[in-house]
Structures are given as structure tokens and as C-alpha cells.
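Below you'll find the structure I mean.
The chains carry the letters A, B, C and D, assigned in the order they are written, with residues numbered from 1 in each.
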């Protein structure tokens, strides 16, 4: 039986992706769209400034935009709520929704580091859903909250996980070139970025450094224990690209590995944690390795695996760091946000939480 | 008395900058422009596709483009030749010019790593001109060759030098976002880069890694000894910016330094090696430190010090690498090419070589 | 039975679109790819710099690139050849292919204005195929040549046709903002166009002015008679857009028409000339009218009808010209080139020429 | 004696240009900067997001931003106020300032069409200052208001004026490609315009159509009579260019003129109305004609005459419209706004109004 789902914050970039991915989802029925007061009351098609590469799905033309209203979620018997709300709104609101017995899959950055809130990149750490039992019990919720990681971190950790498993990682230096869509629909004025780049994204470096340790961590007695062995230092920059974050990654490994071994580990990474679950949004290859000297490129690679795979290239030995360096591109609004959110919801269904 | 100078490879981007900077130079008279056969014979104004932000200087309208011709350089009594030629042309040609008793200041990448060819970033290593005596003697030239470093490396080493002197550097990880002008006038088709970036620049990473060690090296018995204590690993990327390379730099220091100490060392760096020489192209501050959270930015900072200063910002402690991380922007065709070439020529005049 | 088809000039932008559209075509089997000597001999996937928004189709990975070879076309029993060759190559080559009994659908600008060569925009002038009989007889060919119009003209005439039919047109003033892909893969260097536009496209204005009259013309005794009643003046400009030409059109009408009447005429245009033929590539609506004040926009509208529809908006009365003004966007490499070529081939199949 | 001047709305794009141009003006002392409540109280350098191609002038670092306060203007003995305010704020405020005996030079669109408010493009219609006498008398002001025309219109009319004088104009069709800076600092989000264009600018077409008639009009008994013989129809579009509006202009002339005659008329236009007044901001050539086939281009031509000249190219006969077509580029924030404002103020000083 299909789950009834709602999107909160439906008009923003991530909201648009949620609508696009849920419009024809085999397990989910998109029933309800909610947004800030300003656009509530209008039809979705009127209120949204749709910017995705494909036209708005038919169903989106028929839906109304409602103001955010928890009672209405209950009344409409919503099973799963996808939130793409600002962190400050989400912080208060999401626990209230979970308390109503609804599953919350949230892209907001609030609560991401709390030890009983799983921060899921399913191929990497699907087992972290285990903490949900403790979450419900301790917090007294009948629903649950699961968090979508920061976009840059989700893309990065898909490539770190096979290296941690295979060779061990000590230090990671990552320098990013992030897409405009990561700042939201109107986040970056064109006068600021044309013929330019902006070497600063508020809070981003801290998110990458901290969330990576949690995602690569493990569950101990109902709580996620961060993996503090993997140290990450980041420098984050905004560039003139619509979609697709690019990351230059330098990794100090625990044991020497050749370029071929690294390529093999990445290519063979299958995301065992969700193998066999047959999640509809899971890509067949979470990590695609390309051999061309000038790939990956965001415009050419961001739709790999329908935007759910990350693409790695330029794997080189790094003698200075005793490890390896490479470049990875991932779709920040799909793999890094809404697509990952849908994948998480699928996982929660399979695991019996929704 | 003013020196008579020529530019070889005058129609490309770096050639245009040489023409612009030499057109009104107090010490140099621009007498001769040479370029490949294809455009030779035309007037410069006809042959060039001028793209600089200011209109072509008046003198450039009057000059003819000649084919490359060493005899003509002698006949016209040229004192200094600035070359912006492809490396494969320069490799053979430049020694022939030096043999004629002419000073060659070259932006070509050929011979850059030879121990008796100074690779000059004057504020950092003006003392390397010392090797010119040995160069002339051993090679039997009556002129000399001095090299302009790779653009990315010139910008980087201006910031590394004060840190080496003050705190000592062990390792440098640098990830670049380089401007289109670095690839030449027609190097990057717009279809390849719009809404995109290209994570590869042929040979660039090796240049940064190797040339940095030479520039930071020292002279021992007529040869430059590389500074192998400073290890550099680079990842180089092309982005949609006309001019101005941006570099995210992570530095492991030999001794702990606070952000303030690092900022102070950078800001107080005066390029002692050329202090007091009163070189007209030397900027008053080779390194400018900005405190704003989102600077430096290439469009806003690339003309600092008439394009001869580099601008550093976002200085942060890096606990992972036991050092510091920061972002630097420099003008790749001025500080990183033609401007540095003119500064080198001025140094050679003061030192009696031209 | 499926026709065996080949693409000549397969590595350029239009060639890539042909490959994409033919890879899964219900009536055509893509058998052969040919290109210039430079890339011939390689596998297609190696030689091409693929830039389309979707990944290369599977079949393209398996195909070899051959040099252009008319004998091979015969030997391989090719029924239809799609050419995306430069005009000077096409001028000699295409008649030789037609002579071999092969159907040539050509995007090259050569021969476009000859009265026995149909210049087809099928919804507008499918009846022009009639001249093929005379073409074969007079030229003594066993095959035929049909031409794809200039991209700007194809998009424009789809909107002019319903206005000619409904109200009559005297004069058209059109000012274009054309995409980079129209200049080919490497046609516009990024240094020339970033933060800029180029108000000139060689030969384009003449093409628009002349080809429009032919497309809107009629067949008289085996020859196409130009419609000289419709006078067109054009100004053509290149802008920083990957795909999708935008045209600001001002039309002097023969009889007064309200904005609503014009919108209705455009919206109800069904391309009667091909109604009922069930051509797989024909869009359900050749002209889509949007009411939003700021549409059409190339990035948002270029994939309408899989790139085969044009999108019209901002229809306003023009009191100065006694008519109407509007903006139209069309996909220049699909509707304006390869897509139109495939549609023409389908028409020729239905009409018994292939 | 230097006039004491103030800028209202100093932090926006046009405000920045005013500050830049006034910082070192020979006749004006920049004494006061005012802006909206939000940024008032800060130092200018802190509050402004400076985006101009040259660094902020020294004096701007020292100035405070005050809230808008008419009393303060009087107290500070301001002679001339330059306003770059939104139209709705300006509508009420500017008459109050004029009433205080202060000269108001305003870039706001309010009141632009009133017959006793001169809308000045000095080389074209400096004689319209005559109406100021009637303005003061009828309105009972001791100061005056003069308006800067819409940017697109200012650029256009500089090219129309010599054609009107020489050949007579019946109709003008103009299609524009306008720069981002015309929409203000944050007017166009990058997500909306990258790889795109927007074929709509609110109110712009009406401004071009109406203001042109006023600027080309003449003074009759203390009022400006519009020139209704010149009919203009416009289509306005926003493109990915930082600065510099490009306009494709089609002109129906009253008498036949060759391309050479048109070029000559444009080139020889000296703006007689201000010849001999020696206004410091007046360019030596208000209209520059270029012969290259692909000029003018905004990035290359927007700084011609320090941004005060417009550049015309591609002059072609237009047989369809019985006239001529050409392309013009002008700097929208200098010639089209702040630069023109300063020129107007200089004119008012010379004419004894300030």
C-alpha cells in the first residue's frame, strides 16, 4: 500500500526536487504541499518559480499550497513528511510532527549532530537507523526523525567510505566548488557571481568536518558514536554552476595504496548496507569512476544514475600526503538533498518505520 | 636612457598584457612586435583580438607585426625581449636570442627548472639573479635568460615566502580555481565551460609542485638549489572567470602560529629582496590581507596594486594539518605573467644586466 | 521494415543530436557514423566530446567512426543519410550521394535556396516534397536531397505560418539572441563571450531573410516559388546560452488582429500539412503559447515537446508597426537542426521517398 | 567655488557610480551619503557591497551613511542632491527637497514625463533646461528637479538625434539585450539567468517608447512638447552581461540615406547643445562608430569615453523598413544613469541653476 506523503517547504530548490521525485514514485503518493505564508493559498504552479531542467510534473499543477499546519498533516493521514525548511523553522517544528506519529525525513541542518538522530547516507550508514528505537523511547515520540546530510558531505562520504573500509583514512583535505542551487533559488545574486566566485559559504566547512565523522561513525548502545579517527579539513567555494558540486579531495591513507587499488575500491563499492533491499531510488552504482583526464565535470556528470551516483575521476597518487587525490562530482539537490531524502524514506519503509 | 624592447608572441593574452604594460613604461621603449607567420605583416591593431578591460594603448595602433626574426632584433638594437611564446618554440629560440647579447625575459615554460636559469618572483627571490653570471659563462652567452614562473605558482609563493621565513612550512595542499585567460585567447570553448568547470589543466599541477621548490630555493655556487623541505601537492581546476586565479591553500607549519600571527606575517611582507630598488612595477604591498568573510574574489580583487598584489583572506587555523588555511587571489596575466615579466626586467636593469 | 541510416559529421553538436535522436528511433536503425579524417578510425565514444544534457546512448559506444566514403554507404545498403557537414564539403558530396539512390537529409546551408530542393519545416510546408519528382527527373538522381532550414528560420517560420494564413503578413522585423551551440562545439571561445555578447553571426541574417520566403512559398510546376510578399529584416546576436534561440519578433499584419486572436491562431496551429501522418518526431503542439509575463526563456522552454515545439510568449499589440510583437524560443539543435532532420526523414518515408 | 553635493540611495549600483564619479570631481565636493534605514548609521565602506571594476575611492571609506533626512541636507548646506532612489520614494521626497532650494538631479523614474520637468540627455536636448524657470514659478520651488532618462532610452536617443536632424525618422523598432546591473545589485538571482535570458523588464518598453518622444521634443512656452512624429516600438530583454546595454535598432527614415551617410551623421554628431560649455564629464565623441564586423560588444566597448560615449556598429541598409539598421552599446550605469546625472548637474551649474 502506498504511503501518503507531504512536502514542507515545497517551493524552494530542494522542495522542487522533492516534488519532481515524488510525483511518480512507486511507493509514495504526494498528497500535500506546504510552504511559508507568503505563497500559501495559491496553486503550486502559480507560486513556484520552477527552475529544474525538466518541466513541472502534471500532478504539481493540481496541488494547492497550504500554510504549514501540523494538524492538517494528521487530518490528512500523512505517513511521511519531507521537509526542506530553514533550520530555525525546522528545529521547533519537526519534533512536533514526530510526536504526532509521523515519519520526518528532513533536509534541515538542525539536530543533525544529535547522537540519536540518524544522519543517513544509506549506502554508507543505513545501519544507523537502529538508533531510532532509542530515539522514540527516550524522546517519547511515536514518529521518528531522520536527517539528510549536508550536500557536500553526502557526496564526499560516498567516496570516503570505501577508502576507510579498504585502506583506512587518517586525514582528508577537501576544497569544494559548489553549485548555485545549493544557496537556494535566490541565494546568489547574478551581479555577485558572474565572472567571479565566492570563497565562502556560511557554516559549510564546519558541516563537512563534523557530519563526515558522524556518517562514518557507528552505533553504540542506541547512539551514534562519531568516527574521530577520520579528520577532515575543508575550504568551501561557490562557483558559476547551476547544479553539481565538485570536490577536490586529498586523502592521507593508513596504508599505501596504488591508484588502481583506489579506483577498484571506489568502483566496486556497492553500498552493501542497502544491497538486497531493492530501494527504487538507489543507483546501481553509487560511485562511478571515469578514466578521462578531464572528468568529472558538473554539467556532464551531475545526472549520472539519475543524479544519485557520484562520479570520481583524476585519481592520482599523493606522495606529499601519503595517500591519494581525486575529484568527485555529485548532484547537490538530488544526491545531496531531495534524492537522498527519498532514498532514506524508502529505507525507513523497508525497515518498518513507515 | 630608455631600453629598447620587443615583445614576441604579441597577439595572445599575455602578449596583450606586455603591450599594455610596456606602452607607457618609464624605462622601456616598445619598439618591435613579433608574432607567428599567420598574423605577421598586418598592423597590430588589425591582427589582435584585444580583450583587455581597457582599450588598446595608442602606440599599439601604430606598430606593425613582424614575423619572428632574430636578425631583426639585433638590427633594431633591441636590449630586452619579452617572450610569450609556446614552450616548444621558445625552447630553441630563446637561447639563440641570448647568444646575440640580448636579455630575454620569458613567460614560456621551457627551461624553467634548469639550475642556472633564474625563475624569478622578485619579492621572493630577487637574489637568484646571481646565477646569471654562471649562466653566461657556462653557456657562453653574451645575453641572459630569466624566466617568469607559472602563474599559479607565482601567486602561491608570494604567500608562502613570509610563512617559510616566519614559521617554516612542511607541506602545502593547494586546490585552484583558475581563470579562462590562463588558457589563452581561444583555449577554452564556451560550450565546454558554461554552467560547468573543468577539473584539469595540462601540466599545471606539476608546475606548481616543482616550481615552488625552485622559487623558494637558494643559490649555491652559481646554481639554484631547490628547497625540498617544502612539499606541495596541487589540484588544478578551470572555472568561469575571465581573469584572476583563486587558490585554496592549506599549510602545515613547522611551528604553531595563530591566525593573527599569520595575518601579520603576510601583511608585513614587503619583499625585502627588492626594497630600495624602486622598481616602477613593484606594488607597495605584494600581499594584501582582507578581513571580510567572503573575500578575496577574483572580479573584485584582481586589480589590487594594478594587478601586481595578491589578496589573501579567510585565514583560519587548520587543526587537522597543524597549520593554517587561507584563500589567495592573484591576477594571472599580470602578477602571474606579463606584469611579473616587466618587474623582472626592471630588476635586471637595476642589477646591471640590461 | 526499419530503414538503415547513417550520420555524416557525427561528432559535432548537430551530429551528436542526430545520434541521440536516431539511437532509439522506431523506424530507423543507426548503422554508420562518418566524420572527418581527423577522428575517423576511432570509436565514436573516444572521438566525440559529448556535451548533450543526457549521457551518450548505449549504441553510440559500440559504433566506429569511419572517414566519409560514398562507396561504403552503398555497400552498407544505407537508405537515408543525415548530414551535418560544413557547407563547402556538403556542396559537392551530397549530390554524389543522391546519385547513388540514397535519400539525403541535410543540415548544410549549401543548395538551400535552389527551387527544386525542398527546404522543409514539415508543419509549415510538407507539401514542398512535391518538387522531389522534378528534382530526380531533371538532375537525373535516383535518390533525393531535402534540406533542413537554418535554425533561426525554422523557429521563426513556425510562428509566421499561422499568422500568414490567418491575418496576412507584410513585414517582419526580427532580432535574435542565439545560443552558443549554433556556432558548433568550439565555435565561440569563452574569453570572447563571458560577460559579453557578440552582435554578429556570419551569413545568418541573409539566411533568415531569404529562407523564410522560400519556406512560406508554394509549389508551382515542380519548383518552389518564394513568397515575396513577406519581407523579413533580421539582426542576429550571440548570447551566453548553451541551447535555445530566442527571437524578438515584430510583425506588420495585413489586417488588424487583437492579442487574443493572435494567441489563438498560434495556439491552434496544428501543422495541418502533416496531421494524420503520425510522424513519431512531430510534437503534439508545434507552437506552445505561454501567458506568464516573463516567458519564454531558453533554459526553461527549450525542451518543450522534446525540443520540437517552439514556445511563444509576450504577445503584445504593436501600434507602431500596425501588428503584433512577441518573443519565441526554440531549440536550435533539435527543432532547428537534427530534430527537424529526423522529422523530414519520417515525412519522406511516409511519402514513399525512403 | 565647489558645490556641496549629496547622494541619496548611495549603496545601490547607481549610487556606487555616483560615489565613484563624484569622489574626484573638479566642481563638486561629495559631502553626504544617505540611504535607507537598514544601512544608515554604518560607515559607507561597511554597508555597501561594492561591485565596480575599480576599488572604492578613498573618500568613500571616510563617509558615514545617514538615513534620508531633508533637514540635514539644508543644515549641511548641500547645493545639489543626486538621487538614486526607488520611484515610489522619490515621488514624494524630491519635490520636498526642491522646495528647500536645492537642485535635485534624479535617476528615479517618477515625474519623468511631466512637461515642466526636463528629462535631459545633454548632447541631445540641453536646451530643455529652459523649462526650469516655469517649473520654479508654477510649482513655487526655490530649487529645481531635473531627471536622468531611462538608461536604454538615453543610449538610444544619442543615436536617434543625429538621424532625426539629418534624415528624419518615422519609425524605430528596437530590441534590447540589457545588462544585469540595470536591475540593481540583487535584482536578478543567478539561478534565473545562468545559461538563460529573461525576455521581460517591467515597465522598460513603455519607458523607451515614451521617454524617447520627450527627449527628442522641443520647448514651447515653458513646457516640453513631445515629438510624436518619431514612433518607437521596443522589446526588452535581460542577458548575462554585468554592464553595458546592447540595442538592435531598425530605423525607418524620412529620406533615403546610404550606410556611409548614416555613419557620417553619427560620427560627426558632436552634441552641439553643449559644445563650448566645457563640461568635465562630456565625452569628446558622444557617438563612436566602429567598422569591425562584430562590434560593438558590451564588455569591450562599455568604457568608451569613460563610459559616456555610446558605440555604434554594424550599420546596414534596411530595405524592408526603408531605412537603416545598426547595433549600439552604451554603459547603462554611467551614460545611462550616474554619469548622465553628473553631466546634467554640470550643465545646470553652467546655466546658473546650481
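Here is the rule we use: a contact is a pair of C-beta atoms (placed from the backbone, for glycine too) under 8 Å apart; a residue touches a chain by one contact, two chains touch by 3 or more.
All values reported here derive from a predicted model rather than from experimental measurement.
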Joint neighbours of chain C and chain B, given as chain labels: A, D
Most distant chain from chain A, judged by the mean position of its C-alpha atoms: D
Centre distance in Å when chain A and chain B are each reduced to the mean of their C-alpha atoms: 42
Geometric centre distance via CA averages, chain D-chain A, whole Å: 48
Sequence positions of chain B contacting 2 or more other chains: 51, 194-195, 240, 242, 299-300
Residues on chain C engaged by chain D in the complex (per definition of touch): 171-173, 175, 177, 194-200, 231-233, 235, 237, 239-242, 246, 248, 250, 293-300, 313-314, 318-321, 325, 327
Chain A-touching residues of chain C, taken from the complex the two chains share: 50-51, 53-55, 194-195, 300, 303-304
Contact set on chain B toward chain C in their complex: 13, 49, 51, 180-181, 185-195, 240, 242
